[in-house]
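A short write-up of the structure that comes next.
Letters are used for the chains, namely A, B, C, D, E and F, taken in the order the chains are written, and counting of residues starts over at 1 for each.
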Amino acid sequence: MSTCYITRRETFNAAHKLWREDWTLEKNEEVFGRCSNRNWHGHNFTLFVTVKGLPNPDTGFIINLKDLSSIIKDLVIEPLDHKNLNLDVPFMAGILASTENLVIEIWNILKSPVQKAGGELAKIKLIETENNFVEYYGGNEPY
Amino acid sequence: MSTCYITRRETFNAAHKLWREDWTLEKNEEVFGRCSNRNWHGHNFTLFVTVKGLPNPDTGFIINLKDLSSIIKDLVIEPLDHKNLNLDVPFMAGILASTENLVIEIWNILKSPVQKAGGELAKIKLIETENNFVEYYGGNEPY
Amino acid sequence: MSTCYITRRETFNAAHKLWREDWTLEKNEEVFGRCSNRNWHGHNFTLFVTVKGLPNPDTGFIINLKDLSSIIKDLVIEPLDHKNLNLDVPFMAGILASTENLVIEIWNILKSPVQKAGGELAKIKLIETENNFVEYYGGNEPY
Amino acid sequence: MSTCYITRRETFNAAHKLWREDWTLEKNEEVFGRCSNRNWHGHNFTLFVTVKGLPNPDTGFIINLKDLSSIIKDLVIEPLDHKNLNLDVPFMAGILASTENLVIEIWNILKSPVQKAGGELAKIKLIETENNFVEYYGGNEPY
Amino acid sequence: MSTCYITRRETFNAAHKLWREDWTLEKNEEVFGRCSNRNWHGHNFTLFVTVKGLPNPDTGFIINLKDLSSIIKDLVIEPLDHKNLNLDVPFMAGILASTENLVIEIWNILKSPVQKAGGELAKIKLIETENNFVEYYGGNEPY
Amino acid sequence: MSTCYITRRETFNAAHKLWREDWTLEKNEEVFGRCSNRNWHGHNFTLFVTVKGLPNPDTGFIINLKDLSSIIKDLVIEPLDHKNLNLDVPFMAGILASTENLVIEIWNILKSPVQKAGGELAKIKLIETENNFVEYYGGNEPY
């Protein structure tokens, strides 16, 4: 079988802080270091969304990248870009704004719409800085 | 066991279009968008070929990268580089020139020669633009 | 004086060939090598447009990047993206499609509109492949 | 004469917004677009500091990069990294947090310390996103 | 389950050669090519260390990247950076300095300390040049 | 006038150390730090060679990149690639192997051959690591 994996890259910029209101300043700094700065800091995030499937014999496509890009932009980039992850993003409300938690929420948002567009979501990768990134496979076996 | 995966990068430039002769201009544009421009467009493609195996105790190599590079250049880069994927490439004749289909054909071409050189082809990754790439594991379980 | 230089990056994909109708096939191949393939090849081009000026005390901007991006997209990216440089691009008609010539024409197109938007065009840089790029300063002293 | 230019790269992450208190919300959004989000956004900034000089015959160095890196880290990265450009940075107090203005202030901070370390500051380049960056030569003729 | 994979990037520079004392010069050159130069050559190596786990509900972290970075720097970067892989590195003593062998040793060094820090080592990736890299999953099923 | 600048990228890997025989070990370590490791270290160097000129009306070229690439490979890459800068490179004999000194020697080697090929050498840029690079304009006014 010819299962392929296609990946679309999108980018967004956002502010955040790693901070728990139920911890003291000292505890926040001890655990989260510079990321706990109360006045926020921010990143250029790079998002990779991977979809698996068989190429459609009519088009050669697993999924039309125009459709995939539209889904990602409407559901993920629009609510995140030039926003504050802690204050502005409905789907992150009440969730600690770590990259791990953000990746899981992005998966949860994209899974069904990608399926409706004919693909199967396989992986979310989110690069926070050149020195760290997180990958998530939706609790499926990774690939 | 010490199974490792080694990857060689090669590059090529090519023209193509996404176009079906049995579809109208309007249908081609609707499905393939700007990629259906009848006068072609093109890309700098970046190809990653991954081979798995145990490091040879004599050399520390899974496969000699000089050999792997020669195989890729002779069988894939030479027929694709500075060519038109729709018109010039024997192994793409009659196949819609999508990245997905191209990746599958590159796998089919490389699988046996890599095996003869002592390795096992594990993955083909082809970057079409900075915003999209396709991966193929030959129908094996991905990794 | 606080003259700054701000640069906007845009990308486009295009097909082209280096070919002179008044030369034989042999002569074309001798001079232009693989770039003379009659069925075209192509690239992912990366364009950098640099504008100089003093930051506006009201905005901190030399030029509003939204305006600069719109100018570049309307006048340069739209006519070049997913096109054939030899066949589809009015401002390249009758001009050999080398990167050098393309850069000069992009300068000529952008110079006045950038000036009307309040900036001064300083440099065009066009990356054709990871191994070569061309820069042009409009015949002014380079910087 | 063998004047060379050596460049050191450093990185920092920060939040900011483009916002004037003396403008209405509407006016801020009209001019600064998404960058005016009142709850901030942020970037991974990449800073390039270029120093000119003659290689010292004893060391082959224009300036010792350990010294240059220490100067940049102490005077620029420490006050900017994981900070809010509008709220946390003494040398940006009262200054609109555009990339242009930030680059000029970084120049002003580094000029004398670089000179004391035996070099001559030649250029500051600051990349805000993959699509835009600003360069500043201190009001000298650019190079 | 929400198993995520987080990756930390670190870099080091080192000299090495591919050379067997029990082979003739000719045999070494035949197998190892230019990499057998007796006076050494070198690389900027880029190391990616991937850890899997569940995000801690208190912190949103699989593993604190400050801890992970310290472990990697102390145990891997410190002994490798600005060193000779054949002469200076205790954990490479008597081992042919191929990228494959180096990756396996880095895995062996990091596995337990990462576990003690609360994570599970999932993958080591080592980039030797822009054209080749090696990945190792510790003999586990790759992902 | 339509003076353009075209740049060719080439790469090489090499070992070196920063070390003076007439200094003590302590003095070498004090000045050169980790770069003084007596058993060498190494880098993936990236070289950018820039040539200025007018596009030839017949070809659209400042200089044929095939010719420029051959000159660079024969005169610079061949003697440097997979070599030891201190021991193996005739044109670096007796010269401290700093990036500054290496760039100056590469300029001196390329200047005449580039001129014979119809171009004018404008700039040499050599990237040693992602964090530092050196540029040289041959003692001419930089651009």
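Definition applied: a contact is a pair of C-beta atoms (placed from the backbone, for glycine too) under 8 Å apart; a residue touches a chain by one contact, two chains touch by 3 or more.
As the structure is a prediction and not an experimental result, all values here were calculated from the model.
Both subunit A and subunit E are touched by B. Here the C-alpha atoms of subunit D line up with those of subunit F after a rotation of 120°, rounded in steps of 5. By residue number, over half of the contacts seen at A-E repeat in one listed pair from B-C, A-D or C-D, namely C-D. Residues touching across the subunit A-subunit B interface largely differ between the two copies, under half of the numbers being common to both. With centres defined by CA atoms alone, the chain at the far end from subunit B is D.
Put simply, the C-alpha centre of subunit B and that of subunit D have 41 angstrom between them. Centroids of subunit E and subunit F (each the mean of its C-alpha atoms) stand 29 Å apart. Shared interface positions of subunit F, i.e. residues touching 2 or more other chains, are given as 130, 143. A complete list of chain pairs in contact reads A-B, A-D, A-E, B-C, B-E, C-D, C-F, D-F, E-F. For subunit F in complex with subunit D, the residues that touch the partner chain are 18, 20, 31-33, 95-101, 103-104, 130-137, 139, 141-143.
Put simply, subunit F touches subunit E in their complex at residues 11, 13-16, 34-35, 37, 39-44, 81-84, 87-88, 129-130.
Contacts from subunit B toward subunit E in the complex involve residues 1-10, 50, 55, 58-62, 64-66, 143.
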